[in-house]
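You will see two complexes here that share chain A, one where it goes with chain B and one where it goes with chain C.
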Partner chain A sequence: MSPIALLGRIWLVLILIFLYAPILVMAAMSFNASPFYQLPFEYSSKWYSDMAGNEQIVTAAIRSVLIACAVTAIATAVGTAASVALFRYEFRGKKLLQALLFPPIAIPWLITGTAMLVFFFTIGIGRGTPAVIIGHVALALPYVIVTVTARLSSFDVTLEEAARSMGAGAWTVLRRITLPWIAPGIVAGALFAFAVSFDQFVVSYFLSKPGDSTLPVLIYTAIRKGFTPEINAISTIIIAISMAVMFLAARYSKFGGDR
Partner chain B sequence: MSQVEVRNVTKRFGRTVALDDVSIAFEDGGFFALLGPSGSGKTTLLRTIAGFHFPESGSIRIGERNVEKVPVEKRDIGMMFQNYALFPNMSVAENVGFGLRVRKVGSAEETRRAREALELVQLGHLGDRRPSQLSGGQRQRVALARAIVTNPKVLLLDEPLSALDKTLRVDMQIELKRIQREVGITTIFVTHDQEEALTLSDRIGILRDGRIVQAGPPREVYNHPVDAFAAGFLGDANWLSDGALAGLTLPADPAGHRFATRPEALAISAAAPAPGMNAVRGQLVQRVFAGAMATCLVEVEGEPWKLIARDRDIPELPGDGAVWLAWAPQDTLVVPA
Partner chain C sequence: MAEVIHAQDRRRLLTLLGPAYLWLTLAVFLPLSAMLFFSFLSDMPGDAPDWGVTLGNYAQFLENPTYATLLWKSLKLGVTVTLFCIVIGYPCALVLAKSIKGRAREALFLMVILPFWSNSLVRIFSWAIVLRGNGVLERTLNWILPVDIRLNLMFTTEAVVIGLVHSYLPYVILTSYLALQAIDDDLIDAARSMGASKLTILNRLLLPLSLPGLLAGAVLVFVPVVGSFMEPRILGGRMGTYYGTVIEDQFVAVYNWPLGAALSFILLAVVLVILGAASPVLRRART
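So, the complex of A and B:
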């Protein structure tokens, strides 16, 4: 191996340690019996059973999953429809509209959250689960549109024309030709949407009602009161879910071609 | 009665007039080639007959039905696209069966008819393959089978052979013609390749700037072009300049007409030809040997002329390049000036 390549390997390992060491320590500590993170390590699943018995955590977890599912369904449906429309039709201001889809990804969530809170109070929705869902959908939409549009850009419109020439109406063409082609993009977009919602803290914190919080918000509140290994346990589970979702998304968006 | 009839159709895209009051009839069971340079409107005409474009005015009849306002999927057509447009997510058999499934013919009949269509194009054994596993020529055949499996009223071909290499293209031309005869389907074929048009079709239509310049059997269009464009577009034309007309036997009054010859109608020689033949003097520019055939480029009264003949029929030519070009008077083309 050349010195450059060796250096590259070492660099990569350092980056991975930098990224994953804290997470691995936290995951390890969630299985440690000591509540004060004392070593030597002594295996215990106590914190997981404590967590499962903690009604607040379980309720928040269920709420988080339900919200994420709702957000996924809405954002995927709306985002896919928007992508297909942007792909198929030419209209005035289309370029501007497409350009405007990207800044929300870059705007700090703190700003977005504040703006949404003000907006929802102004129009009378206020705080609560509906506000959280709408807020998450707004955050997740660009991700769905970007992944579906990326997939659509390789779609050959003459396939639709061919299907129509054979007698297929608009609905059949969409269902049998267009959707199967963009399906990997839709799945990837849906997984991104789920992850964005499930991991979301800032916007959820601003928009959820006290006592009605999602899991990340609950964890934050719990930490302020005092750190317990229970939090390590639930955090470990969240990380496992998020990483699984991201792996799936990467797989679909990258290897989603002709299989 | 003709199977497809286009009457006074005008189609605009913004300010561009793509079809300008086009009227043309397509005989039942005929093979009709639409020929023209790019931008002439030939593809627009095909896609308007298909139903991808709706004309601003005029009517289109397919079979018994006026269809100018009917969408593509209800016109009962078969179409083959330049890039084949096979569905990548379906097998070959599913591709061919798609039109039948849409028509809900039942799965037993769908399988049987898809199989028959595949056998017609000699691909009966490849039904389970994916389009991505086929060669270019095989995809072509699948696209053809898929276009005719529903027994459409008309088969529309949009430059279907242009993506193939030359050898394969000639094979496919023969195959396409055989299948078209066997099925007896009215076929309209867009191409910019004049040789392909002459090989395949029993009628051709030449388009220019959204208008039909001339339509008729290939031999008639070739031998009796209606204008200079048709004469020059289908085959090569050697134009006679006014100064070269003296002493020639001409089929029409030189006032108001232009005359030309075809490259293969000419004979080249060093000495003046026999009386009774039309002949002009020229200066040989180049002689190109191409195996059996040879091409001579000759300048005649300022016009570039081209002669094509069997190489062995071309005699020894003088070193200074002064030659005679001769042709039978009845081979003179005449078009309005």
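So, the complex of A and C:
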């Protein structure tokens, strides 16, 4: 191996350490008996049982998961429909519609979140779980549409034409030909949507009612009061879930299906 | 490919597209318009019966130099974080795309991207545990080195920069990697066979061809960093007052929504100018 290639590999390893070390430290500390993160390390699962007994954390966790499931269902259905339309039809204004998907991704969430707060408050939706779901779906939609459209772009339209020429109706073609082909894209899109909602902090922060918050919002409030190992424990669980979900999404969108 | 639209297809098109775009209108575009309207109000309509239309909120931005100073501070933070992400991330993308091959490359790429997709709040929190006084980092350094080191990194600007670089570094790696991977290896072989050095190949071939990807990554880092508030709050402590935290305060602590809306819109204008200036590059990066 040339010296440059070796140097490159060392660089890569250093970056991986930089990316993972704090997460691993946090996970390790959640099993440390000392409440002040004192070393030497002494194993204890105390913080996990404390966490499980903390009603606020458990309620917020259940709420977060339920919201994420609702968001996944809505965003996946609505987003897949839009992707099929954007792929199947040529029409005026299509470029504009595709461009409109970028503001929700590109504008800082601080701006989107506060704007949603102002608007929902004005029209009477107010703050609370419905507002959070409406906001999350809007953030998740572009991800679903982009993922499903990417999968569709490898779809052979002549398959549909062949099915239709043999007498299949539009609905049958959709159900038997198109949907099975784009299924991996839909699964990836759904996983993205789940992650966008489950990990979302900024928009939830502005839209949730005090005392009625999602898990990330609860954690933020708790951190600002001073942190406890209980937060370590729940944070470790969250990061494990969100990494697992994204790992699956990556497999489905990139490595799955057409290999 | 797709056929030209028929009258009967129009209804199907509307059924398929309608829900998604109605949703985006209700949850993104109308709120942004509502906030623009709010930014010109003197009071919250619900609170004060004598609310009126005014330019006062924007005038406050001009009259009180604190806001402009903080916006400038946030922009500088954006530049600093973006530069670090480029300097650290581009070589990493280069190694991944051109030096490592096969399954190892796919696995390593996924490992680099994975934390980026995970919960950003929790990752910032994990840095708080590492950086805090007498925390894990100081103890580790003191254990390795004989001298007593007091880093006191927590609640400093450095801590905010470290946390933000950690949050957004994978963006630059992702976009640069995609651009670098698209460069045909035959081009590099051709250059090498004609006697080009590694440095020449990098400067004359790889860097220019992957520049759109690198710049796209830079914009995608810069924009959210300028609007960040959670990271400075947790890692910056009293040093962590930025433009984003002031906007946050208007909505959750001071309850001056019209002023918050005006400040948000000024930020949005800055962001749009930057996105607009970068859009030719971004468009090239996507194709």
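Operating definition for what follows: the second predicted complex is superposed on the first by the 256 of 259 C-alpha atoms of A that agree within 3 Å, B and C clash if a C-alpha of one lies under 4 Å from a C-alpha of the other, contacts with A are read in each partner's own complex, and residues count from 1 in each chain.
Definition applied: a residue touches a chain if its C-beta (ideal position, glycine included) is under 8 Å from a C-beta of that chain, and two chains touch if they have at least 3 such contacts.
This structure is a prediction, so every number in the text was calculated from the model and none was measured.
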Query = Would chain B and chain C fit next to each other on chain A once aligned, or clash?
reply = fit
Request  = Examine A:L100 and indicate which partner it touches, taking first as chain B and second as chain C; both and neither are also allowed.
outcome  = second
Ask   = Which one hits more chain A residues, chain B or chain C?
value = C
Inquiry  = Applying the document's definition of touch, where does A:E161 land relative to chain B and chain C: first, second, both, or neither?
reply    = first
Which of chain B and chain C A:V187 touches, first, second, both or neither = neither
Task = Calculate the angle at chain A, using C-alpha centres, between the directions toward chain B and chain C; round to the nearest 10 degrees.
result = 100
Query = In the superposed arrangement, which partner chain does A:S242 touch: chain B (first), chain C (second), both, or neither?
reply = second
Task = Identify the partner contact of A:A195: answer first if only chain B is touched, second if only chain C is, both if each is, neither if none is.
result = second
Inquiry  = So if I take every C-alpha atom in chain B and every one in chain C after superposing, what is the smallest distance between them in Å?
reply    = 9
Request  = Could you pull out which chain A residues touch chain B in their complex?
outcome  = 156, 158-159, 161-169, 172, 176-177, 180-181, 258
Remark   = Residue positions on chain C within touch of chain A in the complex are 1-5, 9, 12-13, 15-17, 19-21, 23-24, 26-32, 34-35, 38, 45-46, 88-89, 91-92, 94-96, 99-100, 106, 108, 110-115, 117-123, 125-130, 132, 135-136, 139, 166, 169-170, 173, 198, 223-224, 226-230, 233-234, 244, 247-248, 251-252, 257, 260-261, 264, 267-268, 271, 275
Key: chain B residues within the chain A interface of the complex   = 50, 52, 71-74, 76-79, 81-83, 85-89, 98-99, 102-103, 130, 132, 146-147, 150, 156
Note = In the complex, chain A touches chain C at residues 4-5, 8-9, 11-12, 15-16, 18-23, 25-26, 29, 37, 39, 78-79, 81-82, 84-91, 97, 100-101, 103-104, 106-112, 114-122, 134-135, 137-138, 141, 145, 157, 195, 198-199, 201-202, 205-206, 216, 219-220, 223-224, 227, 231-232, 235, 238-239, 242-243, 246-247, 249-250, 255
